[in-house]
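Only one structure is covered here, and it is reproduced in the block below.
Chain nomenclature is as follows: A, B, C, D, E, F, G and H, assigned in order of appearance, with residue numbering initiated at 1 for each chain independently.
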Amino acid sequence: MSDVLFDFDRRQRIGVDEAVLCERKTVAQIAAILEGARARDVGLLLTRCQPEQIDRLPKALAEATDYCPLSRTGFFGPVRPVRECGKVAIVAAGTSDTGVALEASRTLRHAGVEAALIADVGVAGLWRLMDRIEEIRRRPIVIAVAGMDAALASVVGGLTPAAVIAVPTSVGYGATEGGRTALNAMLASCAPGIVVCNIDNGYGAACSALRILNAMAGGIPSLLVGEG
Amino acid sequence: MSDVLFDFDRRQRIGVDEAVLCERKTVAQIAAILEGARARDVGLLLTRCQPEQIDRLPKALAEATDYCPLSRTGFFGPVRPVRECGKVAIVAAGTSDTGVALEASRTLRHAGVEAALIADVGVAGLWRLMDRIEEIRRRPIVIAVAGMDAALASVVGGLTPAAVIAVPTSVGYGATEGGRTALNAMLASCAPGIVVCNIDNGYGAACSALRILNAMAGGIPSLLVGEG
Amino acid sequence: MSDVLFDFDRRQRIGVDEAVLCERKTVAQIAAILEGARARDVGLLLTRCQPEQIDRLPKALAEATDYCPLSRTGFFGPVRPVRECGKVAIVAAGTSDTGVALEASRTLRHAGVEAALIADVGVAGLWRLMDRIEEIRRRPIVIAVAGMDAALASVVGGLTPAAVIAVPTSVGYGATEGGRTALNAMLASCAPGIVVCNIDNGYGAACSALRILNAMAGGIPSLLVGEG
Amino acid sequence: MSDVLFDFDRRQRIGVDEAVLCERKTVAQIAAILEGARARDVGLLLTRCQPEQIDRLPKALAEATDYCPLSRTGFFGPVRPVRECGKVAIVAAGTSDTGVALEASRTLRHAGVEAALIADVGVAGLWRLMDRIEEIRRRPIVIAVAGMDAALASVVGGLTPAAVIAVPTSVGYGATEGGRTALNAMLASCAPGIVVCNIDNGYGAACSALRILNAMAGGIPSLLVGEG
Amino acid sequence: MSDVLFDFDRRQRIGVDEAVLCERKTVAQIAAILEGARARDVGLLLTRCQPEQIDRLPKALAEATDYCPLSRTGFFGPVRPVRECGKVAIVAAGTSDTGVALEASRTLRHAGVEAALIADVGVAGLWRLMDRIEEIRRRPIVIAVAGMDAALASVVGGLTPAAVIAVPTSVGYGATEGGRTALNAMLASCAPGIVVCNIDNGYGAACSALRILNAMAGGIPSLLVGEG
Amino acid sequence: MSDVLFDFDRRQRIGVDEAVLCERKTVAQIAAILEGARARDVGLLLTRCQPEQIDRLPKALAEATDYCPLSRTGFFGPVRPVRECGKVAIVAAGTSDTGVALEASRTLRHAGVEAALIADVGVAGLWRLMDRIEEIRRRPIVIAVAGMDAALASVVGGLTPAAVIAVPTSVGYGATEGGRTALNAMLASCAPGIVVCNIDNGYGAACSALRILNAMAGGIPSLLVGEG
Amino acid sequence: MSDVLFDFDRRQRIGVDEAVLCERKTVAQIAAILEGARARDVGLLLTRCQPEQIDRLPKALAEATDYCPLSRTGFFGPVRPVRECGKVAIVAAGTSDTGVALEASRTLRHAGVEAALIADVGVAGLWRLMDRIEEIRRRPIVIAVAGMDAALASVVGGLTPAAVIAVPTSVGYGATEGGRTALNAMLASCAPGIVVCNIDNGYGAACSALRILNAMAGGIPSLLVGEG
Amino acid sequence: MSDVLFDFDRRQRIGVDEAVLCERKTVAQIAAILEGARARDVGLLLTRCQPEQIDRLPKALAEATDYCPLSRTGFFGPVRPVRECGKVAIVAAGTSDTGVALEASRTLRHAGVEAALIADVGVAGLWRLMDRIEEIRRRPIVIAVAGMDAALASVVGGLTPAAVIAVPTSVGYGATEGGRTALNAMLASCAPGIVVCNIDNGYGAACSALRILNAMAGGIPSLLVGEG
């Protein structure tokens, strides 16, 4: 009953890799999935993976994992070569938003997409954003990561005609309401056409960018990553 | 102090038309904007416009407006010719979601984009969706409009690799929480990469689709509609 | 004052066994109840019982408990023989929902009812559900367990005329609101006649199924399990 | 675009009649559906239908409708003969809960099920409930309708082994939170196995009872009513 | 700056003892207050005091404290002799509500009032309450402690003309909303004239009972306990 | 089904008059109750009664009603003579709180209790309260009515040892949250032993005062008013 | 009981004029206050005054009122001469925020302070704000009025060292939550030292500016306006 | 990617020091910032810094930090000499509010402003506030810190014409809603012109006071502290 049936054949059916959401999984469950992947020589993306989970994996599996503690993501086994570059910019407002921005960036990289990460451009110091705006405007897809008042998404949305995907973060206390204030502010943005992901969901923003890249590639789906 | 300064020059600066959000505007304010547009021979999109507002406009202005009461939108003056066709599908779950779906469809049409509207495909009768799924899968951009449990967005998101923009609606009572349940369910969707607009915001979903069409067109921005 | 007076005589009065809700009980309190049950040769169901609680019980009591860590339930002493089979299906959307599904399944089993557990059939991969739908439709009672967007309940409700009991789970983060989004989505389901239990309450769903089995059995109450 | 495509063939496919949810429908839309039903000689149930909607219908259609203002329901055309009697009790706490109780009762009647309606048995005057409890206990299905503190559902749930379907109502002000307090109290009930419908959803409770009657009838689905 | 200035003279000014709210106080702060009380030979009531706080106190102070872990209260130094008996009943619904009921009972005892504590009379098993109702009805003041659906307060309120003080508890999960459901249900009670305290606030309920005893004593204030 | 069965015999059974809650009742229902009362020569209290309801009553009934539009209460038929005086003070913070204060005052008067109403003593102008504080302190029961920040209840609670019943009002906008802020502030009051009623529930506060007067009268219940 | 006792002597006691909050006041109550003011030759500020209230006043009173429908404020009788100029800037994001901005501006003007009102500078079109930023930076006090995402407050707060008072507005729908999103975003602003008023409370922002002007004037209080 | 780029040059550009918000920063990140500051001989303010973070710093850095555990703030390196005295009073309601009050006081001190801290003046014991009111009224800026019912802010706001900055605290349980009740009560205060900071944000209140001191100093900005 408690086995995790990981869907290694999914790519063949719908062109989608499944990612391994480590939250609420035991180390034994994760190890079993990784060993299955190794047997098939398949690369996997781990998300929401705590350092303690990596530390308690069998040594061979842990060492075969390229783990990033800030984003809590891991690459296990082969990683796709870069196939897209210069299409996606990820902008993040504050130091504390970097982890979520990196989750988006690493999810894209695992799917073969290199994104530019532009951090620490919160609008309370507007000149920081203005120094980088031309670089941002050159990309057709922009992921905007911000917590607290989330004002970055509105300002960026008003400065670029790109597809803008906003990710609220749970940074802060009190009136930030665990990210719900940022979420609502992005949904209510005065800049038209901004769309929004769940709180702290850098992974989902990357998947949305992959869907848009699918659209840009003319209907032949690139490999979209699913999380299971 | 109470004049509305409408930004007719916006298109030149950032390639964006401004739409006229009629909610909380007086009839006199709307009439002044329409007359300004007529003087410049500019076409305008009216959104959230009540029938009573149209009825109380000066007759010449009202007659020059192609008004749709279900979506509460109006086209005033010249409308762009169709320049894109076959790229966007709009799917709607129930009869009551049609107004929001039409707001999206009409916003796109005003910007020169013809979308397919596929209504009444809520998942409580799954065969209705399945009858239309091939038609949906042919489009690189899908707007999914649903209220109540909003399950349509998740099911569609699992069946197409397209860019999926979800719009929650305020249909229903009690536990629907005025659309917040649908909004949250879409944000928490088990299908990866779905992005979400504000409740009932068909206009915003269309703007997001226009941004993605910008991206697909290779960086030369098509005209994105802003709402003021 | 602090003694727990366990109601061993309840079955005689109203045909209901009382289950032992271990949450907020001390190990000493649980041990006292188990010893009371052993003295009377009564079987007990433990719910919401942490592994640490089992580990700290006197060894004889722990060993006499058939404990399942995923569902956090335990069978202590004699278990009723199976008296019903083929009446109840339990369907669960994701791996993380399995614990709640097992709580329902084990509660039913303790009362002598064998249910079919069909896991990992979330609607983001609709084919998984469709592969099992005939098996589901053969049962007059279906318990649907799902978190996040909870779309499984609506899809199942539209595919079977059975009694459908929906159980939201607290899986996820951000807009899942600790299970409240799934709860509200199930209450607002577009499939008519779905009824809902509290978040993560697999035990309550099983009790509701037992009540329906009572009704099906023609008014002679089967033994319904209460939790104290 | 604005036509309502009513699903008159649904019964043949899945054994379900569709009810006409009048909320948010125009009188013209309702009239079109009724005329379609008349042409096919099909009976229809109208729900959430305001007196003003009936008053503005063409006279022939209005006169062919057996309308009940307290429950805001209407029977249009032929009604099924009674096929079940003595299986369902509907208990309601206060005078203001009667409308919702009647919505349940009338939905059942339209599907051929006669229910006993026991009103005004709120627990603040416990003797009122106790005077009727034997009558309630004789039914295998009980629908409990209550607003405010919703204590009726818990008390009834502790006194009968029947299937108990609880319906919270939006009666009251302030801390009743538009029915959410009653909803949550029913979900958190100390009586095990109570299941809950959306606020004011007497129609949904009746559909759930019909599903249980399906189960009791041995798998041959009776006609379940859907609302569109 | 960080000294706690305890108000030992309060009784002289307004006839009120101050209790020591231990939550968010360091052990050093508590010890200082207790030593101040010892020097003045004043008795103190400790509330919300964790076992670890007692354990880490200097041994002499810990031993001089009559500590009750279930209610997390302590009596330090002299306790008032009993001056009132038979006026207050405390009824509690479930085992998990006992801690809060004891907090009320011990606060009253510290002020010289002996209350009857009647536990485990939740309404899901109505006969348990009915066995004790005459005993309850003999008291002019009733404190009703209940979590989850809080139905006990309404039922008791309908059975006695006494002053009824309701205390919601945070017992439970999901739809109990940390006690807010019980709180709202008590505020919305269908039994008239019930008044309500903050969640888990057994101390506050006791203070309210002391205020009513003041009123009953004819305006000469008994000593009311304040918490600082 | 739609008849309102008014409980004219309640007083004999439990010493409680039932009040007529006019909200959600039709004029016909109210008229029927009043005529029933007239036939029995019983006096009734009407609560939450709109002026339009009075205006549309048969003239004879309207003229026999002593109606107060500010409190939306009416006295129909004989009123009890005053039997208590000087026991209850009602304090209200602002002009907009007066209606709720009057509902409490009139409910008490109908039951034969004369209360002192002290209005417009909000703490933003502390001297207004201080001018009246001696008058307030002479009463053993104080009802404190306030909206917005509800600070009046805490200040009064700190100045009198009386039984303090706090009533939050729905006055204000934005952060007042329809009275929930005042409700929560009163529940969280820093003055110990304050108890709280539902928002705008002056009637409930009066019933609570009647219960305390019962207690003060030594167990022989005065007539407590119930609302049906 | 229902008289409104207006505090015409307040200025003498605490240097504060009382404003007339017209919401929830009858026309008769307002007329009585205005006549009292006229008899004393005192000027009054009316706030939250609907056009219908002005229309139904006795003609002489209405004509003596300088009424502004956008801000729903009125000046009755003598207005203070301008005594401060160049100290306060009021910036507003969108057309719909202008009413609240005018309420602030008119409240200041009534107290003798001339403020600069800079409207339509929402950050979705950042150049609009940048065109006016030097003008804004010259003022030591800035009131920032914005709804929806409220990003204007953060951007302004990062560009000026002035005292910044933020006023959220209730403009918008869905995720704007009636202004709560803007309120929370302002409280959680990434620009340090921004303070916030209640939703739509232009009057309160002006009072806060008057308090700061008091501070700047060296402790001799200017006349602060209170609202009653 | 994970480096923290601290903005040591900010003061030159906009006259603002950046503070070090330690929450969610690793000890290594904090150490790197402190070493950067030491190399430049710049003084820094640490906020929301846990004792464990200080304990795990390299010894030389820890010893160079003047750390206050109650306010969780630290002064690293040179501190500005006092340049303002007698302008700011900080009043705090209860013992548990002192930490937040100290955060405000220490932030001001680091910027060269000496404030008077007046603690333990909650309004439940009004005489405590009255004993200090003249001292409070002498200051042109008052910071009012309070949790629970937050009534202190309204009472103080009614007693002084100063600029009043209210800081809600998260002290308490249940209906305090983690400080949201205090926050809302302060926003809805009946005393006009009170402005509010985020929950527990003593740092923000101090920054606001610095902005007002800027205004009082005649437009030459004093150094305002930003938090990064």
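Going forward, a residue touches a chain if its C-beta (ideal position, glycine included) is under 8 Å from a C-beta of that chain, and two chains touch if they have at least 3 such contacts.
What you see is a predicted model; the values in this text were computed from it and never measured.
Student: Applying the touch definition from the top, give me the chains sitting in contact with each of subunit D and subunit G.
Tutor: Touching subunit D as well as subunit G, we find B, F.
Student: Could you tell me which chains are in contact with subunit D and with subunit F alike?
Tutor: Shared contacts of subunit D and subunit F: E.
Student: Where centres are the averaged C-alpha coordinates, which chain has the largest centre distance to subunit G?
Tutor: The most distant chain relative to subunit G turns out to be C.
Student: F-H or F-G: which has the larger count of contacting C-beta pairs?
Tutor: F-H
Student: By residue number, over half of the contact pairs should agree; on that basis which option among E-F, F-G or G-H is the same interface as D-F?
Tutor: F-G
Student: Just give me the whole-number Å value for how far the CA centre of subunit A lies from that of subunit B.
Tutor: Spacing between the chain centres: roughly 27 Å.
Student: Using the average of all C-alpha atoms in each chain as its centre, how far is it in Å between subunit A and subunit F?
Tutor: Whole-Å distance between the two chain centres: 57.
Student: Centre to centre, by mean C-alpha position, how many angstrom separate subunit B and subunit G?
Tutor: 35
Student: Hunt down the residues of subunit A that sit against at least two other chains at once, touch-wise.
Tutor: Counting only residues that touch two or more other chains, subunit A contributes 94, 124-125, 174-176, 183, 187-188, 192, 198, 226.
Student: Considering every pair of chains, which are in touch?
Tutor: Every pair of chains in contact is listed here: A-B, A-C, A-G, A-H, B-C, B-D, B-G, C-D, C-E, D-E, D-F, E-F, E-H, F-G, F-H, G-H.
Student: Note which residues of subunit C are touching subunit D in the complex, please.
Tutor: On the subunit C side, the touching residues are 14-16, 138, 140-141, 161-165, 183, 187-188, 192-198, 203-208, 210-212, 214-216, 218-219, 221, 224-227.
Student: Tell me, which parts of subunit H touch subunit F in their complex?
Tutor: 93-94, 122-126, 148-151, 153-155, 157-159, 172, 174-177, 180-192
Student: Spell out the part of subunit G that touches subunit B in their complex, as residue ranges.
Tutor: Of all residues in subunit G, those touching subunit B are 70, 94-96, 98, 102, 117, 119-120, 124-125, 127, 171, 173-176.
Student: Which residues, counting only subunit H, touch subunit A once they are in their complex?
Tutor: 1-2, 4-5, 7, 10, 13-14, 23-25, 168, 170, 178-179, 183, 198-201, 226, 228
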